[in-house]
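Order of writing sets the chain letters: A, B and C. Residues in each chain are counted from 1.
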């Protein structure tokens, strides 16, 4: 894979989840209307690529923490947006999961491998449980709902990365 | 693949075709606005998974019949919805095919393999022929159009599963 | 892969880029509202398939030239449509790239392999550079913008096919 392909994979991973969510909601993807999304995603990808030839490797724990925090934030965003559009629980939780895991799924599809979320990771489970917390708390206190849901998702994802817990595998 | 991944694959197979159709038509997917879709798909997937450890295997003929009936119903839905939106023949037939085969295509993309519809199955051909029947009959009698198109599609798909007929393969 | 699958791959390659673009822009895909797109794509695919058993092989240089010209035209279309909708530079260039490379990406996803654009080809780079030329010239002269952008993209894609230049590969 060439440099350009890697940049595209980075952008897709960062922006893909919100993009799928917006397409499903029939909105023009926010990444198209607000340049900031592109610029931040592009800068982060570029930064990561420049580290490669410097042989500076990012420790796994840093990547896992970033993934856990990101998944938590994304899952909650999906649920809140769905609830703003007055959807009921099932689509809200689905939008949370899609926002949180869609980017990684698109990345793995482009890299022609089975998406990691379908396999051993707790990212989907975490965003489902954290999203439910958010969904239940939204009528009471939006800020609490966002915070509790994101933390709950992040903790579950992190536990999954640590290998302390995993979904049962059907052979 | 873990239990969660299999549930996702089940949901995607069941809801994916209509989802792609609605996205193309610029509608909010019906699976997001009506919880019943989620619940039925989730219950069916859950039921199938619980059979696995019980070593109860569903006979191939049952799966093939279910696939034939489902493909027939989905193909006709796509054509009727397209025709309601006043599209001409080509997009109507395309919407029928997408509704009927999109779920299986998404499933195979996620499972990182070449979609079965592109290979030996008669599902795409069947929904095209059955969809044409529906399209031709809609101006005369909607109920007859739906019935004839669905039966025609189902029979062709079933003949394909039986192996009595297959599309010529280009090596 | 059977004949039907190959026809689908042909249609997807031809229409997929514009389809993704229109879905992102929240428009009903133009291929659904104007039959001409289907008919031309279908006729071209059918023509190419009939050549196969005749052992008439199309020379690589013809395929490369067609790909270069098509990529140029598609990239410019995406940028112009984005600019008509008053998007800023980043989404316009992204729409150009998606229109130009989306069809091939969908084709490779269906064929279960890593998209060629992510690998050694200059198609994505070319549509980015050519699209920038178009974007810069649109305020001055639309016709010049279209022509210059398309030629610029086509030349870069062609240079890539010739193997004279390629993106640096990371390992």
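Basically, contacts are C-beta pairs under 8 Å (C-beta built on N, C-alpha and C of every residue); 3 or more make two chains touch, one makes a residue touch a chain.
None of these values were measured; they are calculated from a predicted model.
A.B. asks: If more than half of the interface residue numbers appear on both sides, call it same; otherwise different. Which is it for chain A and chain B?
C.D. replies: Different-residue interface.
A.B. asks: When the CA atoms of chain A are placed over those of chain C, what is the turn angle between 0 and 180 degrees, to the nearest 5?
C.D. replies: 120
A.B. asks: How many Å are there between the centre of chain A and the centre of chain B, using C-alpha atoms for each centre?
C.D. replies: Chain centroid spacing, chain A to chain B, equals 29 Å.
A.B. asks: List, in ascending order, every residue of chain B touching at least 2 other chains.
C.D. replies: Within chain B, residues 23, 26, 109, 112 contact more than one other chain.
A.B. asks: In their complex, what parts of chain A are in touch with chain C?
C.D. replies: Within the complex, chain A touches chain C at residues 1-6, 8-9, 19, 23, 26-29, 31-33, 35, 38-39, 49, 52, 109-112.
A.B. asks: How about chain C: which of its residues touch chain A in the complex?
C.D. replies: Result: residues 23-26, 87-91, 94-95, 105, 109, 112-115, 117-120, 124-125, 166-170 of chain C touch chain A.
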